[in-house]
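In the two assemblies presented below, chain A is common to both, partnered first by chain B and then by chain C.
Up next, the complex of A and B:
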């Protein structure tokens, strides 16, 4: 990066800015991490210990946060008693299934869109992207009605199909950019050597494989983190982790320890996956408009 | 000083006319036979049609009927006629605009500032990774955690706000004046890092020679930021704004957990109201009418967004 640096001279203003930004940065990092940290710690606390707070204005009393005997009973209860094994499985199947379906169909479609021009391509493309951007609640109203008639409400295939409404357009849109970067000349060369079109496509797949892999992961992330579809389309038979977490909130006694434990179970795998595909994250989250 | 002013080169690389190519065959880089590709496209298009066009027609059909489970009846556009006099529908738009405006302003200001503070520092990589963590979290779980933090009797953030003298004993979510701010803070917590990431990517592309030239002319770092960095960031920021704006329409998970639209209707932004009408009261016909309007607005916004995208990458589409 050395070549990119511009030697800046110090003025009082820029020095003030540096100090201020360092302080602000430190403050912001704490603000970002603190909720996650509290969630993590609370999941190991007994109910009464999680409710302990110092008196208002008693700044020295914050140490009560660390006064507890760690227990894993919430995790144990989630999986042993509350059926979270099933919900974890449902989440995995629904998110994984829709990601695989979306990326397979999506890369076929994206490849073709990247290779040929035809009349109305721009419109087709806009239709695809607007499907992705439509508000989830709005999409769900007719989808719920259709799925009811087809008996898909409360089933995993129904949920997979529902997640495909946002994952498939995402995959097409973003993978087209990947195929655009592979010159058609490679396939031409293959075909001159006697390969069929399909074999030529297979030959360029290794070039886009890392990207495709990253976007499978990103599709999993989007589907895994969804709550609305899971709550309505998946209600009953196909409860996923977020939907199950929500149901732990009962009007009478809210089991915070269990809820926090469920939060940790839902969040940790996704954070790990996020780190794995860190390189593609910005591209993915900005629909390919920004590249790092 | 004039000696050092950057000369305007009339034929910079972009504006230099491309020589008409002598050897341009009819179809270089594009296959001639298209049928193979149409077949490859077909499955995705069919699936997408089933989950987007087919429901769209159903939505129109439902919006014109009274829809109950097992009972559908034509109702002379009543769903639409009632909307202009439905205060919660109208307020839903106002609140959605308020919510988006507050979220976006805070996120852009903080996000850009963070990016500037982080850019080029030694800790950039590790700090960016740390800031990424909330984005990986399910919005619903984020809502749950913040619900816990805001809680009036045992929430740590409530204790903090109370101890600082900002809030009374009432939780931030319990009063209709402050509930919206509580929701905005959660969105800011979760999504400001995205703006930071996008801005950082943009900052790497600010032409360093322009910064240098400006400095040689005696510009201060602040002046440099305003007249070189910011104009170069503008396109990326536009994308960030549009993306976040669309997401404010799309996701209501955390709001459903935190306030469910209350207290009263103080945080019932339009998508939340739509959710309530459709899936709490199961007035699916009315819901479809609202959904249709929301969808049309989103599509118009989407059209704008795609135009912005195209300007970024003229080679696309």
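Up next, the complex of A and C:
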């Protein structure tokens, strides 16, 4: 195989560019990490300490930011008094449930679209993708009405169904690409070896695992971070973390400490998930992961 | 092991026929090679036997038992695919064990059979590797190994060595033939390479445009092609074709051309007399049925001008220009003619052929 080395030669321009990108990246890191850092620190501070800021231009005064007595009272409030255990559970069930349902239905549907030729297949595939073209807000009202009729508003199954509605087209679209990359001859070989049609499908699932892994993550992220569905379809009985956090903003009284703590509770599981499946996600999204 | 019979088998894709009215009997334990250019229907034929495609009409029988409606797993055939179709996420051992595992064999039996097959194919040191760590030749052996671990009715080999380099291909030809003889299992071997078919098969089925052209032993197909198409497809270098007229001279038919007039044999004259006299014919002669010299040996020789000479190690191929065409002659390396010189060729009239110009059918 030929070398895949990308060769580059030094020019004044490339040197200048390298310097510029270092500066840019430094700013970018501060831009993205600082809010998270402030959120994390503030969640352990008392309200008064959290708003202690140095005077403008007083760079040495930055240290006041670190001068505080750590307290876990906000976390205690969230879980002991405000029922965040339930909301965390709701979030996990809604995100995980819709991911599982979408991946099962999506992989079967994508497999069929990839392997079987039938009349109107192109149109059907386009129609499936096109359901994602309308913004969520546009379909919210009719969707709410339908869910109301079916008594699904404010229930976890309702929320899972709502997320699945939006994740399924995406699942089919991503997974079809992965199935297309698996040579059909592999299934044929399985069938000659003595497998049934269904066993042959099961045998190639490991080859699309990167795609399934990547999709599960995207699906969970979508549901986990969603506010609109959670607030409207899930309101009441199936409140998730973002919806519950929003309720900490009250007209007379904004609970900054608890909001920061809720932010940490919402962010940490996803960061952890990201670290665990980082490798999968990268190979998954480069597509064409299966070579002949 | 099974006898395989094709009875009036058709395959159509929409209205396009890919296989037309195929009739072949392949005796138990024999090696049948299906030979033809790409798009001739040979792969469709094999896939119908495997059960990977439906049979449009007609019947395929194993030991007189129709298998049209059976799923691949119930036909008990083993197949080697052109691109090997190994399972990339499984080791060599798991690849070879797969057919046995799917048939619910005991782990000890599986181990024994896989080890034996690996030994036979000399890949026992590779059992832990994955397909992407193997060379083309090794992958091909694994694919064969997966086919031979169980004792199927029938082996189906679909151009299994087409992607190997020339040297390895020559080596594998011998190995596959030996393997088939050793195991004694009926084999259908699809190829577009006439050399593979000639060197390995007991019987060759030559296909073109979905139709079976000729069914016979390699010798029959080579020495007595039934039509001009088969004659031109089988043999390397390919047969020379020259358009000739037929004329009676002194009671004997002659093939007449601007560059020569050569009499046919008595036997050939009898075959020609079935209504072909006077009509235009196509003469076919293989490069090794011609002998070339720089001096005129007799009056009934072909005169031409050397276009180019190619030395092929032990042999030499000489391209000779006639007035309206170019023919190739196989000769020994001692031949000393040079480009542009006039040369003379004598035909071995026992080994030449005559085909109808209209439908290509062979007279002899």
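The rule we apply is simple: the second predicted complex is superposed on the first by the 254 of 292 C-alpha atoms of A that agree within 3 Å, B and C clash if a C-alpha of one lies under 4 Å from a C-alpha of the other, contacts with A are read in each partner's own complex, and residues count from 1 in each chain.
Keep this in mind: a residue touches a chain if its C-beta (ideal position, glycine included) is under 8 Å from a C-beta of that chain, and two chains touch if they have at least 3 such contacts.
Since we're looking at a predicted model, the values are computed, not measured.
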item: First, second, both or neither for A:60, with chain B first and chain C second; value: neither
item: Chain B versus chain C as contact partner of A:194, first or second or both or neither; value: second
item: Partner chain in contact with A:140 - chain B first, chain C second, else both or neither; value: first
item: Chain B versus chain C as contact partner of A:224, first or second or both or neither; value: first
item: Partner chain in contact with A:183 - chain B first, chain C second, else both or neither; value: both
item: Dominant toucher of chain A (residue count), chain B or chain C; value: B
item: First, second, both or neither for A:207, with chain B first and chain C second; value: second
item: Touching both chain B and chain C, residues of chain A; value: 183, 185, 197, 290-292
item: Residues of chain A defined as touching chain B within the complex; value: 1, 4-6, 8, 11, 13-14, 17, 21-22, 24-25, 28-29, 31-33, 35-36, 38-39, 42, 50-54, 56-59, 65, 101, 105-106, 108-109, 111-113, 115-118, 121-122, 124-131, 133-146, 148, 161-162, 164-165, 168-169, 172, 177, 180, 183-185, 187, 197-198, 221, 224-228, 232, 241-242, 245-246, 249, 256, 259-260, 262-263, 266-267, 270-271, 273-275, 278, 281-282, 285-287, 289-292
item: Chain A partner contacts - residues on chain C that touch it in the complex; value: 50-52, 71-73, 77-79, 81, 83, 85-89, 98-99, 102-103, 132, 146, 156
item: Touch list for chain B against partner chain A, complex; value: 29-31, 34, 36-38, 40-41, 43-45, 47-48, 51-52, 54-56, 58-59, 62, 67, 69, 110, 113-114, 116-118, 120, 127, 129-142, 144-146, 148-149, 153-156, 159, 162-163, 189, 193-194, 197-198, 200-202, 204, 208, 211-212, 215, 220-222, 236, 239-240, 243, 246, 249-253, 256-257, 271, 274-275, 278-279, 284, 287-288, 290-292, 294-295, 298-299, 301-303, 305-306, 309, 312-313, 315-317
item: Touch list for chain A against partner chain C, complex; value: 183, 185-186, 188-197, 199, 203, 206-207, 290-292
